[in-house]
Structure formats: C-alpha cells, structure tokens
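These are the structures in question, set out in turn.
In what follows, chain A forms one complex with chain B and a second complex with chain C.
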Partner chain A sequence: MTQLALVIDLNVCVGCHACVTSCKQWNSSGAAGPMTDDMPYGKDPTGTFFNRVQTYEVGTFPFTETVHFPKSCLHCEDAPCVPVCPTGASHKREKDGIVLVDYDKCIGCGYCSWACPYGAREFDEHEKVMKKCTLCVDRIYDDALPESERRPACVIACPTSARLYGDIHDPNSIVSLAIRESGGYQLMPELGTQPANHYLPRHKTKQHIHEDELVRVDNPLKKEGPLPIDEEGPFLEDSTSW
Partner chain B sequence: MNPAFSVVFLTTLIGTGQGLFIALFSGQYYAFLQHVPPQPAAFYGAGSMIALAFLIAGLVASFFHLGHPERAWRAATQWRTSWLSREVIVLPAFMFVVFLYGILHYFNVDPHVFGTAAIPEFGLTMVVGAVGVAVCFGLFVCTAMIYACLKFLQEWHSPLTVVNYTLLGMASGFTLGTAFASQQNSTLLGFFAAWSVILTLVALLTRGAALIRNYRLKHKSTLQTAIGVRHANIQQKSQGAMGGSFNTREFFHGKTATFIKSIKWIFLVTVFPIPVALVLTGLYGGHHELFAVAFVVQYLGLIAERWFFFAQARHPQNLYYQTV
Partner chain C sequence: MAKKIALRSIQGNTAGYYLLMAVLGALIALGLGAAYYMEHNGHHVTGMTNQIVWGMPHVFAVFLIVAASGALNVASISSVFNKSLYKPLAPLSGLLAVALLVGGLTVLVLDLGRPDRLIVAMTYYNFKSIFAWNIFLYTGFLGIVAVYLWMMLEKRFNQHSSQVGFVAFVWRLILTTGTGSIFGFLVARQYYDAAIMAPLFILMSFAFGLAIFNIVLAVAFKGTQRPLGDVLVERLRKLLGIFVAAVLFFVAIFHLTNLYATEHHGVEHFILDGDNVYTGLFWVGFMLFGSIIPLVLCLTPSFSKSLGAVLTASVLVIAGGLSQMYIIIIGGQAYPLEIFPGKEVSSSFFDGVVNSYAPSFPEIALGVGGTAFALFIVAFAVKVLHFLPQSLANSEIDPHFSATEAEGENATNAASA
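Presenting the complex of A and B:
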C-alpha cells in the first residue's frame, strides 16, 4: 500500500513562507480553488490556507533557538476526521492514502474540524465548505507536467529543500530514509492518529577539536612556524636536520 | 471551543421535545397500568404537537449551522461510522413517530392491536408510543455521542455526556409537561411535577459529576508533543496568520475566565434549584402560573449550560495558537 506524505526538516526550514504562497497560488488556480480571502490588503487580513508556517522560540535568553514550524494536513493513517463526516465528503484514498474533501458533497457542518486534533482543516467562509491540504493531488498525477514537477507545490518551492515528498510505506523512498536516519517523528503521537507526515528534528552541527589538534606537538620537518630560538645560541641541530 | 448557538438551540430544543414526549407517554403508560387517572385523547394530541414544535424548532436551528443546508440530505449516508449521520436519520424518524402518536390521539384512532382477557388490551397509540420512546432514547444517544465520541476533546469524551444530555432533556421536558398539565387542568399535574423534580435533582448529580471530572482533567497533549520539541520553555512568536484564521475563530470562545465561571454558576442555579423550588411552590402553594415560569427559567438555564459545555472543551489544536 502506498502512503504519500511530506517530511519536513525543521533543521533547515528558514521560515520564508515560500511553501505557503506557492500552495496558495497553485491551489487557488487548481482543482481545489478558489481559496477565498477577506481583506487581503486590509488591516486584519484573513483567508483560507492549506499550509501555514508558525514560529516558536525555544529556551530562555540567551540560550534560545528559533524554530519555524510549517503546519498542514498530516494525512493521518488513522484519520479521525474521516469516520465522523456525515456525508462521506471527507475521505482517505485507498490508492495513495491522501485525505481529501469532496467539495461537492461537503455540507459545511465543521464536524471534521472538531475531530482533527491538529487544526489542519480550514472552513472557507465564502465557499461554505471545509478545505484542507490535498497534497497537490491534481498535480502529482498530471502527465502533462514534466516528471520533476509532479510534486506538491510547496515541495518544489522550498528553497532549502526542507520539504521531502514520497511514499512512507516504501522503505527505500527518500522520505523513509530521512525518517529512519534523521530521527523523523510524528506530531502528538500520544493520540494514535498515526500522522503520515513526519518532521525531522533540529540538530546542532558540532565538531570536537582536541587540544593536540590546535597545537602540534611534533614538527619533525620544522616546516611550520618559526624555528625555536635557543637562548644559549645556535646548535648544529638548528641549522641541519637529518 | 467557540459555542455555536445553532447547536446550542438544536440540542436544548430537541431535548425538551424528547422529554415532553417521554412525559406524555409515561402518563399514558401509568394510566394504562391504572396508577394515574386516564387523560382525554386530546391531551396527548395537543401535548405531542407541542413536542413536535420543539423538535421542528431544533431542526430549523441546526440548519443555521450548515454551510450548505441544501445538501443536508447527504448527511444520512454515513450512518455506519458517523454519529452525526445517525442523528440526521433518527431525528426525522422520531419526529414522524411523535406526529403519528399525536395525530392518532387527536382523531382518537386507537384500535386494539394486542391483548387477551388475561393481559390488558393494548391500543395502537400504546404501540406507537413505545416505539417512540425507543427512538427517543436512541436520539438522545446519537445527539450526545456526536460530542462524546471525539476522544481528543477529553472534556466531552465521557459516558457522562450521554447521561447529562438525556437527563437534562427529560428534566426540561417534564417541567414543560407540568406547565402543560396545569394549563389543561390535567390530573397528571402531580405526576409530571414529581418527575420533573426527581429528574432535575438527578441531573444535578450527574452534571456536577461531569464538572468535577472536567475540573480534574489532565490533557494528554502539550505544546511539546504538538511540535515535537522537548523544552519546558517554548514561546510562540507567530501563528501563520495576521488577522486570525478559522483555527482562531472556531476553537476559542474569546471570553474571560470570570465570564465562563459566571456562566457556570448561572446555569447551576437556573437549571436546578430555581425550577425545583418553583415547581414545588406551584404544586403545594397552588400557584399554577409558576410552572410555566419554572420551565422558562430552566430552558434559559439550559442554554447557558449548553454554551458552557461547548466553551469548556479545550481543543488540542489550540496548542498551536498559544497567543490567542
């Protein structure tokens, strides 16, 4: 079975919001569109987004660290939003595990958003239906696009390649590899929703330099640094070396 | 959660309608067992129409909750998994049974369908009423399970939710039944009043138990598990939206802790002691106009109770919106 998912590397995400804007652009003009906004250039702009980037500060000054946290639907393997839907509009595809909303069936009751612990769904105030990340389902299977572009818009847009995309059920996929080798984790694992999307943790790049690597104890050819000056005057060993 | 008044009215109105139907049928059943004097058929007919009016009002209120009410019929399709879908089926079914029960009584159509010389004879209205009671309790379960089945909303995920919806609906229904019986000069007045007091007091116990449970509740998820960073001190600096989003509007009530606390005490006083005192005063003091007052006070209190029920639930997604 296939379970397509994103793996988001918090270690390299710089919080540029390129994934947010590219998502909005593609999905506004794609099959899921439009994603309506209110007062986009006004005082309190608000609207429908599938993806948002939040920022957290971890620690107490001066030992703080900024974590940029992209947040979208996690396409849970045991998606709590699906069984509660009274119309069947909210569904999980057998084929690839993508959780989708059929906008023509959705009655806009909002029950699925209550069932989702991650707040991944957003109600479109103008279309009056529930919307969420589609993993660019109208893009990843589009044969008209070159193969390199058959990936979610956010993945293509990310300038630091913080977003990986692939099948987490394939043990050799780029995402499985990243989860396995870079400590990929799930959000709120205690709830048992089995999110398909994983996050890679922050890690500090550290290098241990020992003292003997800074000061050379041996210098057999005396090639590096000035030759030692002996107070008692030159010896034969200072001018010759064999 | 941000309480939606459409849902507040839906659950309280249909609860009262269901309670009133239970009251009417229990009156007929007790009369059948010859514990209380029998009532004229028109009494049940008129009472059922009042119950039906409450159910219709609740149904109308529910439509205001939907983005696309014209597609509401689709909500009946997923009854295998969704309690909301089950409610969508059971509510109209119950309304139909109440209508049938009322209309049979109104036209006094009550042919004998069961019974021998040894067993008391059963009329058609008794059969329809018994079916109605079963459907009515099914509706209580469906309505409450919509909330109780959401295991991440820990305040709701408890059998007490189902118990409270049932008992509070029945209490308000019996209080309304008392007012109705006094208006009709019915001999069922004392019967309804006694059950109204009993149900209200039992509901106080179970609702109090739910309050205590939620007070002591420990939430499973924290900001640490929400973003997967292990540090005691995490501050949110941006939420990914400037003017708020669906997430900040739907899941936060935006009221102060004092306001919430005052709502709690308002409903604790208006749903339980005041109606009980009014019903008892009306019954023993002969002030029959107090029964209607008791119902109005209790119903208004139930609106506050339901509002508090929604506002008290802290959705785990709120962890991602620390600065609201």
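Presenting the complex of A and C:
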C-alpha cells in the first residue's frame, strides 16, 4: 500500500511560514475552501489553517535555541480520528493512505478533534465542519499541472527544501531515504498511531580546529601578519620571494 | 399492605402553573435564539475554539443525558427490585427520564456544527464509533421507556411492566456506560482514557437523576397541595446520600489511580492544585457543595424526614454535578496535549499552553433552554396525562404503616400545631 507523507527537516526549517501561507492560499481557493478568518486583525483572531509553524524555545537560558516546528495532519497509518467519527466522514484512503474528511458527511460533532493526539484538526467556523490537511489531494493528482507541480503546495513553497514529499512505503523514495539515513522520527510513537509524516532531527555541525591550522604554512608574499623587524636594513628577499 | 394509589393529572389552571410555563417558555425561546445566533455567526462568537471544541452547551447536554438515565432509578427500584413504596412514582420517573434525555439531546444537536445533517447521522453509521453507538442507545432508551410508560399507565398491560422495566434498567446502564465511554475511550487526552469513566458516569447518573427527581416531585406535590409523607422523604434522603457517597468513592478512586501514575501527575496537578477555575470548581463546587454538604444533609439523623434538607441537598448535588461536568469536559480539553512527553512545552500556536475558555452568554442560554425544555415537557405531560399520584401520605404508601402510628402521628401533628 502506498502511504504518501511529508518529511520535515527541522535542521533547515527557518520558520518563515511560507508553507503556512501557501497552504492557506491553495486550500482557500480549492475544494477545501474557503477557510475563512475571523477578526484577523483583532485581539483574538481565529481562522482555519491546515498547517501551522509552532515555534519553541528549547532549553533554559542562557543555553537556549529556537526550534521551528511545522505541524499539520500527520496522516497516521492507524489514525485515531477515523474510528471515532460517527458517520464515517473521517476516513483513510486505501489508495494512498491520505486521511481525509468528507465534508458532506461531517456533522461537526468535533469528536475527532478530541481523539487526535496531535491537535491537527481544524474546525471551520463558517462551513461548520471539521477540516484538516488533505496533503493537497486536489493538486497531486491534477494532470493539468506540470509533473513538477504535482506536489503539496507547502512542499513547493518551502525556500529551504525543508519539506520532502513522497511514499514512505517505497524504500527508494526520497522520503524513505531521508528517514533511513537522517534519523527520521515520528511524533509520539508510543501511541501506536504510526504517523506517516516524519521529522528529521536537528543536528549541530561541529569541526575541531587545531591551533597550527590558524597559521598559514605557505605565505609566499609574506603579506599576512607582522613583518620581522630587520635591524640591518632590507634585503632583497624581504621585497620579493623570487 | 400499601393501598393502590390512583394517578391523576394536575388541574394546571392556577396562576402559578401558568407563570411556570411562561418562564420555561421564555427560557426555551432564549435557548432557541442563542442556537440561531451561534449557527448564523459560527462558533467564533462563542468561547469555543479549535482547542476547546465542546463548551458550555455540552456541559449541560451531557449532564442532562446522564441525569436522564438516573431519573429512571425510582421506576427501576419499583419494577426491578420490587419495592412497592416507589411504585406510584414510577410513571413520573419514566416521564422525567424521557424529558431530560430529549432536553439534553436538543442541546447536543443544536450545538453540532451542522444540526441540519442529523439525517446523515441517522443514515451513515461507523460502528467503531462510540458516538454512533450512542445514537442507538439514546433512541433505544426513548423507545423502551415509552413502552415502559405505556405498560405502567395502561391497566391491561400492568402485568408486563416489570419485564419492560427490567429491559429499561439494563438499557439505561448500557446507555450511561456509552456516555462515560465517550471520555473513557479517548486515548489522546491526559484526563481521560480510563475504564472507570463508565462506572463513574453510572453513579453520577444515579445521583444527578435522583436529585432532579426529588425537586420535580416536591414542586409538583407542593404546587398541587397533594400530601407528601415523610416516610418517602426519608427514603429519598437516604437514597440520595448513598448515591452521593458512591460518586465520591469513584471520583476518589479515579484521582488516586491517576496520582499513582507519574505520567498523569501533570493533569492531576492542573485539576486538583492548579491556579485555575477547575481547581476551585473541584474543591468548592464538587467536593464541598456537591458532595460533603449533601452527605451531611442526607446521612445525619438530625435532618431526618426533612423535606427542606432533601431539597437543599438535591440543589447542591445538581450544582456539584454541573461543576464536575465542567471539569471533565472543559478542564480535560484545557489541559494541553502532550506532544512532547516529559518536556515543558509552549509554542506560538496553542501547543503546550493551557487553553483558555470563557463560556459566552449564548452557550449558557442554549444549555439553560434545553433544561427548561425538559421541565416544560414534564409540566405539560403531568397536566394532560395521569402521571402524578394523588397522595403520597404515609398511610397510603407505607406497607408497614399501622393505625397506632397514625394515631401517634396525628398526636404529634396536633401537638406541633
């Protein structure tokens, strides 16, 4: 079975929110729309976003760092939001493993929101049904688009290519490779939901430099560093290295 | 042997009755208006958010649904456990159960995102969903109790009432198990995922249902000047006390179990010892006013046979029950999801932070409107059908009531007069 998913590289995500805005733009204009915002400039803005970038401060001052953590529906292989839905509106596709909500069958009871341990459900306050990331299902199969654009909007928009997209069940896919070789991990694996989306951990690049490496061994023009003071006056080799 | 007590409808032509109906009607209209307002504008006009998806209407709805199955207690005691003292009260008990369930479901449905799609909920079922089971449990309960009432009220079928009563009793236990399991089956949230939720809800239903029953009974009898003997009052007082104690026991076990597991310390600290409204509601609302004071009123001999004590305890149990529902439903959602277990987390978009919720007026109005609707049904039904016993005087209901006691009682009454 194919299981489409996103792999997000936390090492290169800079928290620019391009994925958030591109997701909002594509899905507002598409089948999942309109995803209206209320009081966007007010004190308590509300709105529907399928993808949000959470920004965490990790550690205790002064040893802190900022982590940007994009989060959307993780398209769990054993999705807890699916069995709880009373009408079966929330479902997982056999074909590609995408978890979707049938907006015509959703009664807006909100129980899936209770069941999702990742808080990925978004209640559309105007259509009054539950929504969530569709993995741009209305885009990835669109034959009218060039092959290179048949990817989720957030993946295309990411300026640092922090978002990878593919089939995690295909061992040769770019996402499987990334998970395998860069230590891709799932959120809360202990729950057994098997989230399809994975995260690549942040890692520090460390390089040890020895002191002698800071001094140039070859210094043909002797232009760097202070010149030795010559009491006896300049010699020819002081001005040229031949 | 207790006498056969006649059931008679009330006259319902006094100013008090019309005033009651007018007030209930106004509250129902307010509730409907609130539902329309929220439906028209969307949930952003309420206190509900993506994090607190069930707000005040669900507190009322779940409370009423739980109380509905508990209101059937009195009928069950008479039909299933064969206590003849409660027999004349069984029809009122069944009526109250149906009315409370209808009231609760009205609130629940009107608070759905798409109440217009109720037909979808009735035609598409996902049998893995406890919510879908509950649709059957609720409608089944209404049907069974309707048949039960029919068996009780139609003399020709009286002989079958105990069998149907038994089915209703089993069904109500399953129904409340289903309601409790809505929370018990939730793995995602720290405060739930506990099998004890089902029996806890069953016990809560006993207490809340009986508390509402006591108030309805007292108002109906005092309002129509029908005699209400202290033998029954004393039984209801002790019964309520036992139910309140049982709820307290299950709540204690629930919290102690959580406190034993380190992974639940966070949420227990949040509910029991937090700087928030839930801690106040738990200790003051539920424990002090909803449990301890009612226990004193119901189980100490100094309040023996006191209708005032029973009614005060009943009102407090209802208030404590609403507090408990608020803690379970809102408090459980307010506590953040544990996406990074063991880490202290707070982020820019709600993750890792305590979600705030303040109930808005329309939400409260919808909940109160649903409660008023349930009471309206009862008030209307007792007028058009023979639900209320003509008398519940000691001499009528007590099988052990003797002439000497009657003399003694008369003498006491005369002395006190």
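As a working rule, the second predicted complex is superposed on the first by the 209 of 242 C-alpha atoms of A that agree within 3 Å, B and C clash if a C-alpha of one lies under 4 Å from a C-alpha of the other, contacts with A are read in each partner's own complex, and residues count from 1 in each chain.
Heads up, the rule we're going with is that a contact is a pair of C-beta atoms (placed from the backbone, for glycine too) under 8 Å apart; a residue touches a chain by one contact, two chains touch by 3 or more.
Remember, predicted model here, so these are calculated numbers, not experimental data.
**Q** Do chain B and chain C fit side by side on chain A after the overlay, or clash?
**A** With chain A aligned, chain B runs into chain C, so clash.
**Q** Considering only the touch criterion stated at the top, classify A:P83 as touching first (chain B), second (chain C), both, or neither.
**A** Both partners, chain B and chain C.
**Q** Would you check which partner chain A:K43 touches, where first means chain B only, second means chain C only, and both and neither mean what they say?
**A** A:K43 contacts chain B only, not chain C.
**Q** May I ask you to decide whether A:G59 touches chain B, chain C, both, or neither, giving the answer as first, second, both or neither?
**A** Touch partner of A:G59: chain B, not chain C.
**Q** For the three-chain arrangement built by superposition, which of chain B and chain C touches the greater number of chain A residues?
**A** Of the two chains, more chain A residues are contacted by B.
**Q** With both complexes overlaid on chain A, does A:G30 touch chain B (first), chain C (second), both or neither?
**A** The answer is neither, since A:G30 touches no partner chain.
**Q** Which partner chains sit in contact with A:I107 here, chain B, chain C, both or neither? Use first/second/both/neither.
**A** Both partners, chain B and chain C.
**Q** Same chain A residues contacting chain B and chain C, which ones?
**A** 38-39, 46, 52-56, 69, 71, 80, 83-89, 105-111, 113-119, 121-123, 125, 128-129, 187-188, 190-191
**Q** For chain C, which residues are in contact with chain A within the complex?
**A** 39, 42-44, 49-51, 53-54, 112-115, 117-118, 120-121, 124-126, 128-132, 135, 182, 185-189, 333, 337-339, 341, 345-352
**Q** Given the complex with chain C, which residues does chain A contribute to the contact?
**A** 38-39, 46, 52-56, 69, 71, 80, 83-89, 104-111, 113-119, 121-123, 125-126, 128-130, 187-188, 190-191
**Q** Using the touch rule from the top, collect the residues of chain A that touch chain B in their complex.
**A** Chain A residues touching chain B: 20, 38-39, 42-49, 52-60, 66-67, 69, 71, 80, 82-89, 105-111, 113-119, 121-123, 125, 127-129, 185-191, 199, 201-202.
**Q** In their shared complex, at which residues does chain B touch chain A?
**A** 1, 65-69, 71-72, 74-78, 81-85, 88, 146, 149-153, 220-221, 225-229, 231, 233-247, 250-251, 315-318, 320-321
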